[in-house]
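Chain nomenclature is as follows: A, B, C and D, assigned in order of appearance, with residue numbering initiated at 1 for each chain independently.
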Amino acid sequence: MAGNTFGTLFTVTTFGESHGPAIGCVIDGCPPGLSLSEADIQPELDRRKPGTSRHVTQRKEPDTVEILSGVYEGKTTGTPIALMIRNQDQRSHDYGNILDTFRPGHADYTYWQKYGIRDPRGGGRSSARLTAPVVGAAAIAKKWLKEKYGTEFIGCMSQLGEIAIPFVGWEHVPNNPFFAANPDIIPELEAYMDGLRKAGDSCGARIDVVARNVPVGLGEPLYDKLDADIAYAMMGINAVKGVEIGAGFRSVAQKGTEHGDELTPQGFSSNNAGGVLGGISTGQDITVSIAIKPTSSIRTPRQSIDRAGNPATVETFGRHDPCVGIRATPIAEAMLALVLMDHALRHRAQCGDVHVDTPQIPARAAQG
Amino acid sequence: MAGNTFGTLFTVTTFGESHGPAIGCVIDGCPPGLSLSEADIQPELDRRKPGTSRHVTQRKEPDTVEILSGVYEGKTTGTPIALMIRNQDQRSHDYGNILDTFRPGHADYTYWQKYGIRDPRGGGRSSARLTAPVVGAAAIAKKWLKEKYGTEFIGCMSQLGEIAIPFVGWEHVPNNPFFAANPDIIPELEAYMDGLRKAGDSCGARIDVVARNVPVGLGEPLYDKLDADIAYAMMGINAVKGVEIGAGFRSVAQKGTEHGDELTPQGFSSNNAGGVLGGISTGQDITVSIAIKPTSSIRTPRQSIDRAGNPATVETFGRHDPCVGIRATPIAEAMLALVLMDHALRHRAQCGDVHVDTPQIPARAAQG
Amino acid sequence: MAGNTFGTLFTVTTFGESHGPAIGCVIDGCPPGLSLSEADIQPELDRRKPGTSRHVTQRKEPDTVEILSGVYEGKTTGTPIALMIRNQDQRSHDYGNILDTFRPGHADYTYWQKYGIRDPRGGGRSSARLTAPVVGAAAIAKKWLKEKYGTEFIGCMSQLGEIAIPFVGWEHVPNNPFFAANPDIIPELEAYMDGLRKAGDSCGARIDVVARNVPVGLGEPLYDKLDADIAYAMMGINAVKGVEIGAGFRSVAQKGTEHGDELTPQGFSSNNAGGVLGGISTGQDITVSIAIKPTSSIRTPRQSIDRAGNPATVETFGRHDPCVGIRATPIAEAMLALVLMDHALRHRAQCGDVHVDTPQIPARAAQG
Amino acid sequence: MAGNTFGTLFTVTTFGESHGPAIGCVIDGCPPGLSLSEADIQPELDRRKPGTSRHVTQRKEPDTVEILSGVYEGKTTGTPIALMIRNQDQRSHDYGNILDTFRPGHADYTYWQKYGIRDPRGGGRSSARLTAPVVGAAAIAKKWLKEKYGTEFIGCMSQLGEIAIPFVGWEHVPNNPFFAANPDIIPELEAYMDGLRKAGDSCGARIDVVARNVPVGLGEPLYDKLDADIAYAMMGINAVKGVEIGAGFRSVAQKGTEHGDELTPQGFSSNNAGGVLGGISTGQDITVSIAIKPTSSIRTPRQSIDRAGNPATVETFGRHDPCVGIRATPIAEAMLALVLMDHALRHRAQCGDVHVDTPQIPARAAQG
């Protein structure tokens, strides 16, 4: 209830702060008998980790994961799987005056108001570093869903600040630091980021994620609808301010004759629904889009107050991502995977084993 | 876990189908000692009920609520409050062939896939009629929050299909059937709706809701962030496809120097955050915007399949809202109220009683 | 969290007070496709209802159940099943001074302390009448478990006040008002109860319940062990003060060589475990025994205090069970059924479908 | 839902196996601002740890706890507190044939049936070693309850195998390895245990625990009654087969005139209720008694089967407690503390802050 557990049947309980001794999580409810080792988890963590390009924070963290429990002789046993990542690069920073003031747009103000206490070390618990254990947990969910149903997760950045990124092909995503599905736009993105860094400013981003080969029938009406849980998962990622499923806000100006996806014996003819109708998966691709706000920790001086309520000017030094959206793609994929994993288990509790039998349309149909 | 309970400490468990004997809910966790009678609940239900204008379904339902438990001598006792609304207008409709086919964009396909059984009477459990018990439950939450913290909830429609509705003033909202905060645009909206009805089509809408006088410190990191729970609540409303908090998708193209709301001794200077930072309320107005898709039950013939997978044409007759967004404003307010109520109780569990002490900015500042 | 929902995947949320308009519950998570009508539920309610012999309360309640939702054309749809029982016999009683004083051994004192408000009508929410909706919900669980796994539930009274009731045979249980598995002792029990009534006193009882044909593998380590959840369910029944599984308190004086049930290719040789090892079902009969305290509402004057803390004498008039244990057998069976139902669904969420394949020993072996 | 989290608002999620790399837990919901360091936790772990006398397992584990998160500058921050204990003494044992067979009375049979996989290393997840993280978590609960309400927890062994241990005084408990409140009986207990060890057998025990200075009003009707949650917590401890609150099974033969605790302006006159009425704390001492079965891992050969279902003889070598009850007193105290902590937070969520204002009777009154 204090909000550090994600999920209901496949639960991920995380712990840790940006600059504490360790971060990690306990995963409960994993089916027994899944082959699992650190080698299944580490690649996902590596996709998210800092320091991989000049456009993200330069903090040096190998993010090496250790499995503390729940696996015996290379198989999950059905008991809790604890993952731990030791923090390595906790060197003392020049925090300037942020210990006594509040960064505009940052959680340090609300944590202090809520708890009456404040851990200023790198944002403490509110740091985006805390997405690492979740990415680790989701690697397990991804593996199980892939083996059981063939479900896969992909994502890309579709806008960086003011620059829209036209979709070219998924194969380009792993080849650039932005997770862009477009090879030609990379120089423009790099120049944009370099300009921001020089200006001491930051920008937002838009990320699209897709789940393919999704079993039909996942999602619980009325309140744990699949899309409701996806919205919850996505809005819970640091800095996210908007979530769309399928046609999203474009639905507002659509007519019913345009929006409602027709069915044929070969499958749906379009995917405005984004793979969810009435809160339950249709078997089509699940398509999600999120808005990420610009980083609040920037070098440009800003007006704020101190703890006593007096006016203060805040400048943030240290190592920060100028666009947290750049590393957000694997995180959004992870959250989507966790939601589907949880609902797969929930579905078979009430309705028995799930099936994947709906005719599919190409993944990008609704977005082309 | 089967998804019919909303909330964690202030829980609302609903039951019923559109054309069953009754719909209702059980509210658990209401603080004792609150003055309560049906007269506190009925006005909210009346704002949502069908048949109040020619632009919504003509089904005749008085939606008269009965309190079955939890109140003694006009006060809540701390025990469960059961609300029941008897369905009145369940007359047999001309469903055409929808018992054997699936309406494009409708939940009838996924319910059938999930449960292997289908209740075709007016959409069964997936009907928007099931928002009535929630609105009833939220009336209790609204009353408690108002008495305890002065918190208030308001909302309006800001777009109907292709027509944007400029904000003029909250005082106009109760005076038209669209919940529009603009008196001059009503004739245009009415003509638009009349045209849709004649065409046998439907349209979407955009709804904005605001909570004012919100206690600071509500929301649970990491996963039950206040905005995450709001996104979950909103995306769970029938037909919603997108959710924004504060600047929402506009955040993508903003710079950090623009987005981050500066603080002064008199309060925040802007409200791009929409009243939530790091998942915790700032004490500013909480501002939410949602996208509602066009109704899927339309008269225009559409391509579909029958249960055997053969091609079929579907036309939906009977009584349906041509824009479910028209009655969505009180529903969105209700969901927001339930989220805040739940988090108010959660906050005082861990941190003791909450407070409202943050300097405020005018409610519409971020939207002006 | 306010404690009116039982279970995690098969949940029963109850509402109502002894003398309010109605009592009932919402059952969520029932698998779809189960044949169900009021005729499946009413017989279980009839076993528990008041007024069936002179040894129980003379309140006249037919306890007629109405299904409000979740069933369509005689089958469960997978959506919430609401049950409602209208209270019939709420006539005004001579409560004497119990509105201002507290009965020794009664919940009226603690409800008042907890909530600062008190519903004195027949015990309000704390009345044993609130077990009726649970018995109704459990009738559904019993039906599903019987059809799916052949699981059955039986129970009997094994002690009434100071009188131990030797077990003779299950076939005798339905033939006497005490649920005694012994026909010869009935006159002695009747005389004992008549004496108590004349003396204005009450007595306790011991109830044994057994589940047969239980799937192996139900129960969740570490904390939702099957026996832990059984203990929770049983101790939650009104007036229960002790719970035993298998050998129970006899285990204390047993040696390991005596207690540990040996296995053979034909099954276990004994059942000291009561069908649970390490919190997980063995497939043997689950055997549970509970202690029920004497009724607190008695005619004999007792010392107490009033709300102001002054000394007061309390005599309770009106209609009360002189031994609440007499009607407790179907209630204890119901709670056991709900626990097994919940764990059956939980098990298949994580581990897939359950199986019943363990060699059995005769049900009474451990008790013979 | 997979059962490795204890509690609802003050949650303890544990992980680890007897012979894995580490055991530990994540505590979520701890109020912020509590002074906390390892020095507050280690003493409780030391009371439970193995190897402190010849009557318990000789495994050498210092059980040194490390706090990984949730504490900053010596205060809890309101974020999750992770505790980790590295396993030290995992040397390979002579397990004999227990990898292929099942010990009578042991969880190895049911784990294998449930999960289809088995971790034989020292009992894996089912080992009593997993109570260590819980004792650590409870040390935090105890500290908070003591500072906030003055609540204290004490316990003792009241029976060892066939030997009843008359209560003399709490001051004797820390001075002997049995947690006996009686100094004179220690030689008899030691001789009894020495005899058992020589015989290759084991025995059960009875443990009493008491909470003093308990706030009135804790507990949630109808299903999360305080005594129901205590029963759940206690029955969930390894090897527990019975739980009593207050008069427990003695209630069966009591009359209402004897059992119901009379009230006077100075407090209750007796405590048959064990501090709980209607599932809610009365403010009196909470008194609980549990039955612990004899250890299943014994040297004496016993009949069993192997995985293929063939007859087999099992003898267990290695290091085992001949009476797991000897170290159970701090564990039972811990579980009681966790239940009260959780309910203290739950109470203030719904009803605001709790109070301690009920006149008390001496702790042992009901047991003298």
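In this section, a contact is a pair of C-beta atoms (placed from the backbone, for glycine too) under 8 Å apart; a residue touches a chain by one contact, two chains touch by 3 or more.
Going by UniProt, the chains are A, B, C, D = Chorismate synthase.
Source: prediction; values computed, not measured.
If you compare A-C with B-C, the chain pair joined by more contacting C-beta pairs is B-C. Superposition on CA atoms relates subunit A and subunit B by a rotation of 180 degrees, given as a multiple of 5.
Comparing the centres of all chains, each the average of its CA atoms, the largest separation from subunit A belongs to C. Here the spacing of subunit A and subunit B, counted between their Cα centres, is 26 Å. Note: centroid distance subunit C to subunit D, computed from Cα atoms, is 26 Å.
Separating the CA-averaged centres of subunit A and subunit C is a span of 46 Å.
Averaging C-alpha coordinates per chain places the centre of subunit B 39 Å away from that of subunit C. Residues of subunit C in contact with two or more other chains: 1-5, 8-9, 14, 29-30, 32, 78-79, 114-116, 125, 221, 346, 349-351. Against subunit A, in their complex, subunit D makes its touches with residues 1-5, 8-9, 11, 13-17, 20-24, 26, 28-30, 32-33, 66, 68-70, 72, 75-82, 84, 114-119, 121, 124-125. Interface residues of subunit A, counted against subunit C in their complex, comprise 1, 9, 29-32, 78-79, 221, 345-346, 348-353. Those residues of subunit D that touch subunit C in the complex are listed here as 1-6, 8-9, 14, 102-111, 113-116, 125-126, 130, 159, 161-162, 196, 201-206, 216-225, 227-236, 238, 241-265, 269, 272-274, 276-283, 291-296, 298, 300, 302-305, 309-311, 346-347, 349-351, 358.
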